[in-house]
Amino acid sequence: MSAPVSETATQALQEDTPVEKPPRGTPWWANQRIGLLLLVVLLGALFGVLRPAFFNQQLVIFPLLRDIAMFTVVGLAQLCVLSIGHMNLAVGRMAAFSMMITGISYDLWHFTLYSGLLVGLVAGTAIGALAGWVIARTGVNSFVVTLALDFLLLGMIPLVYTSLTDNAAFVTKPPGMRELRNYSLADVCVGNVCGSPAVPQLAIFAIVAMVVVGWIYSRTRLGRELLMTGSPVRAAELSGIPTARRVITAHAMSGCLAALAGFMLAVSTGSIKATIGEEFMLPSFLGPILGGTLLAGGFVSIWGTLIGTALTSVIRKGLDLLGVGLESLNIYLGLILLLALSTDRVRTVLSERQEVRRQ
Amino acid sequence: DSTSGAAPKDDASSGASSGPVTLKDGSKVKLALIPGGAHPYFQPWKTVAAVDKVDFRLADATFNETGEWDQGKQNNVINSLAAQGYNAFGIFGVSPTDINSTFEDLKAKGFAVGSLASCPAGDTNAADFCLSTDVEAAAYKAAKATIEAIGGEGTIVHLTGNNVDSNTQRRIAGVKKAIAETNGKVTELPVITDIDKDLSTAQKAVADLLASKGKEIKGIVTTAYNPAVAAADGVASSKLPIKVVAIDDDAKILAGIKSGGVAATVTQNPAGQAYIGGWLLALLQSKQCTMKTPGVIVDSGSFVVTKANVDTYDEERKAKTKALQPEFEKQLSCQ
Amino acid sequence: MKRFARSTEMTLLVIGIVFFIGLVIASGGDLLAANSLRVLLQFLAVPILIGLAQMVVLAVGQLNLAVGAIGGFAAAAMGVLMADHGVPVPLALLIGFLLAGVVGLLNGVLVVLTRINGFIVTLATMTILLGVQYRLVGTRTVDAYPQGLKTFGSAALFGVIPWIFVVALIVAGLLAVMLKRTVPGRQLLASGGNPIAARLSGISNDRSVIVAHALSGAILGVAAILTVASSPGVNKSIGGDWLLPSFAAPIIGGALLTGGSAVVLGTVLAAFIVRFVDTARAEFSLEPSWVNFVVGAVVLGSVVLGQVRTRRQDRRSVVKSPDAAVAGGVS
Amino acid sequence: MTLFEASEIVKVFPGVRALDGVTLSLEAGSVHALLGENGAGKSTLIKVVTGLYRPDGGRLLLDGREVSFGSPHESAAAGIGVVHQERNLIPGFTVGENILLQKLPTNRGLVDRSAIRSEAARWLAELELDIDPDQPVTELSVAQAQLVEIAKALSVESRVLLLDEPTASITPNEAALLFRVVEKLKDDGRAVLFVSHKLEEVFQICDTVTVLRDGASVLSGGALSELTRDQVVDLMVGRVHEALNLPDRTVDTTVAPILELRGVGTATGHAEVDLTVGPGEIVGLYGLVGAGRSELAKALLGLDRITAGEVLVRGQAVKIRTVRDALRNHKIGYVTENRKEEGIFLEQSVARNIAVTIWDRLRKLLGYVPAKSETEIVSSYVEQLGIRIASPSQHAGTLSGGNQQKVSLAKWLAAQTEILIIDEPTVGIDVRTKDAFHTLIWDLAANGLAILLITSDLPEMITLADRVVVMRDHRIQGELPNTHDYDQMSQQVIRLIHAEGTTAA
């Protein structure tokens, strides 16, 4: 490594300017993710005390973890585009599209469970890449492009289903699908040691996704460049990052993860149908954003996404168990969300105040 | 509304006392009736659940509609109820193609499960039984009623809900069948689907239809709730001589029948489903009886209501409910 | 005038006229019948208003995901007040309108107080309002309200121009005047166009955000009134399909998601075009899926066109709007 | 007569005491300079005065009465006009509306457009600006926009006018116009506060001076006529500052140029641009704002299309398609003039800001970037460039302008570029850091880098360049060897700029 800067210049530059300190690190209690985790634990404990059934492994914890796993993947799908400051309003529809391809592969081509999954992932990646390509080429806001794509797919998918199937769903179930839905880690043994029966096997998909996405964002060039692409894009372009390609990559990753989430949903409910992913849009934002991922791009938190997703799922489950009716369920859900986010804000403000007072 | 609560009460006395199969001990049965989501159709279930509890002396009976028309959420609701000790489930599956998986899971855990108001798509039913309107038959009846109302000749149009739902496909088939039987005297415009999401969508679709094709159309058959309400209203305000046949007996539609805005409606038997379903599930869960052929499908009946029988159709329906009990008894093997 | 000729509005106007003429020809002239025209316009009133309600918040760089929930909630409240509690029509409508406005205001205040992204705040209020709407009407369809209101809902000027459409146009006109010619309106747009500059000029961005959300709520209140007046009844499904069209209209109409643009005319014209797609579907008996397909294509097409145009204009310009996040705004 | 006075002002931000007992008083009919290094607190003081920030201590006096402003609105109403350091116009609004934004004239509740037009025209006329009040501000040039902001500051009938680096992005000619205006305002009896890093200007137009250092006033209200430039600089930097004295550097003119442009035309309007830069050479590209220098640089990086002529790198004709291409295959780097939007990632760590160009080189299997080699390289440049940070994980947004500029440069050094285009490197940067930068650029050339230096700062050009190329309206007007004689050079350069002939238009 050659050093083109000589001693004199270095000295000239180093003349005793004071070190610029960043604002002091926020105290641990102001950390968004720790606060959230605490909230999840507290709520879990509260629900457990009110309804001991909350700790029922088979009927509560197992499906709860399965849900958290799936919505975490949904959240990661959104996180990938949030990392470059974009949005993907078509996450759900991308899942539906890729599952449609997977369904065709099972129904018409008799693929095995995992080769069908692979086909779906490829389809998801492709449709995501298409969205990314349009955005990169035209420079149109991602919100608009994915919204339009959502409309397009919303129109197209039912046409395909009604023309290819009798029941508007692909009902062929390749071997292994039922097992994947019901088996837990108790069925995975290394020697005599088996996993917990409360943890569904499907969670492995989420863990793999988290590890891969986490690795990409923390360890690789791609991840770093994605984060730079979002903040701001002109600077990234001028630093030699191929921003157009990164935009396409981010959207392709999003599509791929959406496809995975769609697969997890199809496995856990039973069949592949046109409405897969309809419920994905809002959770896809909630998880990452509650977890601290910035809408403006440049910062992502994989753990945060998991915790944020867990928070909403736990609330919903707890309210379910408390027998809260439909009319009140949404009200409480919304209020708790607002509260969770506001306390976050209060914490930040308090820690800033403390900081100022200390000086 | 006035039509739901009355029927089961009569049945209750007769069912519990005079029927050959009387539930011996319902004290360990906790019954849950779970619709697909909030919908007027299921409202009778709510009252009947309470009736079930009293009549069959069940440990508990509940009605939970928090699934919000989402199979994943419905599964969650079911699991939560199971965790709280509910052990007999009458379920309207949100997704006909998925619900068998849910049934299988519940069966595997030793619960009694009945598919109510809708049967799983395909040929198999993993629940203990299915007690539902034969949707294809109901749609067929509705189409027949429409054809009759327009005098057996002319063009009709079918308005319905979510296209990518197997029940919708069955309804479309039912209407087509009725039209095919007219040998070309009655023709059908392309089916208008996906307008049950909300009232304004349905209303707009109806208005557009009437504006563009109003003069050709002689009858409208609707097999979903919002389109039915919208069609009745739209035709009335357009003053076109179009006959509307609706679905279900929501107060608004009954009012339409009485005022003449709606030519007929095809009502189903939600109260009967909930009552007989509850009885059957209690028998099964208390291990008093088992199904001879698990997964048997029984039609809970559908009834054409016109101005002529609008005040009396409920009797017919009660009779049908009464008849359902012996019908099922034949399917049971009891201790 | 020269600027107008190159504007999005002009493009939309041309597209709209061509589209309409095409439809008239396809229908063999039937579309020009009084009744057909009335129906066409009747179902434009609410889409115009929800598009405007979204446009106002887009103008300050915010989003309102609760459009449908606010409208549905207000409509349900009005229906229940009139039908179940016998509240006189004008009072019930006023209460509903105020409720919508207050909820909008609340959205704004929450965004400002908590500094949480508007996207999330309105998402939360949407969830809450859906619950409230269901609690109000349950699964019923409430329609036992005075005939006079329904008469107004279906009445049309000269049998062609529905009164509710006229109301929507009046709201659009007022909004345009407010945004273009009043001080709060200009301040609102300034905040959206360049929040930092606005702040340095003594404009309170917080106030602009609150005003925008409150206005959005109020417009939705009017939309709710028109819905109650014109639909066969009020149930929990009202407002369920407002979200996507609320974005489609202003975006096709040329609104910038980063804020600062007031495109009242564009939004109205875009609503017309979307409505024509609907009409065409009915005319050609297409599956409703095609409508989504076409609207998707139109949205994409129009923004791509718009982008090409603004890029050409931007080439030699200096003052750029800041890189605000799409949904960012204040936070 | 003292119009305005600020005494013992304190302002604390989380992490910094930006102002720590600052006292300042402005006299009617006088221009007061506010000087200090980057981050000394000049802009913060202005924001406190205009009510954008609430002071944590101290008093403000207007006409001897204590005042406190809750918002810029109130200070404007009290007659304090301000031109902030930040760009300050609303896109989509007309020039007139922007000028009168603080108090739009109304007529029966509606904004009165004709009043806007006439009133804005009045202020534009006062500045002798030929701008249509109805024109959208998006159509203005940088300098026009700056002048419109001044009109905006005047429009509140201001008796006190605060100008925060108004000349940072305009040309000497336009600055001269501005100074004439300032003179006039002074003669009208207003008090003007003038912030600038260009000391020549300060000595030219200011009467008194306040110097800030680390948020405290080290000199409050001294008469400039009694101070020398060196004394002022010493006060700012807090010790004796030595004038920059660059060592000798010889350019070997026999070596073939590493970058050569032959008759280049671009999609942005350049025509027949000929230019060469040799290794170890600093070629200054001078011109007025908007002459098209930055655009030329961007075309060389593949951001704009080259439509005619050819670009030769190391003697080979090349087609550069992307910045990555320029960087990886031709070793060309570009330090942008627009630091905040194009140069650094404010929300990212310093480490990432520097490492952004080297990941491509460091990556292993599957794109894995070993954290260790990354940190090593980053810290070596942090050290060499004297980037004063607490840790490399600190966000770049928390750094001062000078340090940010170093970061923006460091990434190109880390990428081991051989041709470096440096665009306006010292805009808004204080004297000391400026000198350090000049040393650095000089040194880079001495180490063999080919440097194309784009600057509108004539002294900077004369200090550094070996040759000066003058551009106007996207064309090269001519080329001059640098004689290092300021007066001679400035005359020649100005003459070249205004020479007809080579320019078609």
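For clarity, chains are labelled A, B, C and D in written order, and residue numbers in each chain start from 1.
As a working rule, a contact is a pair of C-beta atoms (placed from the backbone, for glycine too) under 8 Å apart; a residue touches a chain by one contact, two chains touch by 3 or more.
Which protein is which chain? UniProt says A, C = ABC transporter permease; D = Sugar ABC transporter ATP-binding protein.
Treat the numbers as computed from the prediction; the structure is a model and nothing was measured.
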Check: What is the minimum number of touch steps required to go from chain B to chain D?
Finding: 2
Item checked: Minimum number of chain-to-chain contact steps, chain A to chain D -> 1
Notebook entry, point to check: What chain is the most remote from chain D, judged by the mean position of CA atoms in each chain?
Noted result: B
Item checked: Geometric centre distance via CA averages, chain D-chain C, whole Å -> 43
Item checked: Centroid spacing, where centroids are CA-atom means, of chain B and chain C in whole angstrom -> 37
Note to self: I'd like to verify one number: the distance from the centre of chain A to the centre of chain C, where each centre is the average of its C-alpha atoms, in whole angstrom.
What the structure shows: 30
Notebook entry, point to check: If you average the Cα atoms of chain A and of chain B to get two centres, how far apart are those centres in Å?
Noted result: 38
Checklist line | In chain D, residues with contacts to at least two other chains | finding: 341
Note to self: If I count partner chains per residue in chain C, which residues reach a count of at least 2?
What the structure shows: 134, 138, 287, 289, 323
Check: Where does chain B touch two or more other chains at once, residue-wise?
Finding: 38, 163, 194
Item checked: Chains touching one another, given as label pairs in label order -> A-B, A-C, A-D, B-C, C-D
Check: Okay, in this complex, where on chain A does chain D touch?
Finding: 1-6, 8-10, 12-15, 17-24, 216, 219-222, 224-225, 227-228, 231-232, 234-242, 294, 296, 298-299, 352, 355-356, 359
Notebook entry, point to check: Once bound in the complex, which stretches of chain A touch chain B?
Noted result: 51, 53-54, 56, 58-60, 63, 67, 157-158, 161-162, 166-169, 171, 178, 181-182, 265, 268-271, 273-275, 278-279, 316-317, 320-321, 323-326, 329
Item checked: Residues of chain C touching chain D in the complex -> 177, 180-183, 186, 189-190, 193-194, 196-204, 260-261, 313-321, 323
Next item on the list: Name, in rising order, each residue of chain A that touches chain C in their complex.
Entry: 85, 87, 134, 138-145, 147-156, 158-159, 232-233, 282, 285-286, 289, 295-297, 326-335, 337-338, 341-342, 344-345
Item checked: List of chain B residues in touch with chain C within their complex -> 38-40, 42-43, 163, 189-190, 192-195, 197-201, 203-205, 207-214, 226, 229-230, 232-234, 237-238, 250-252
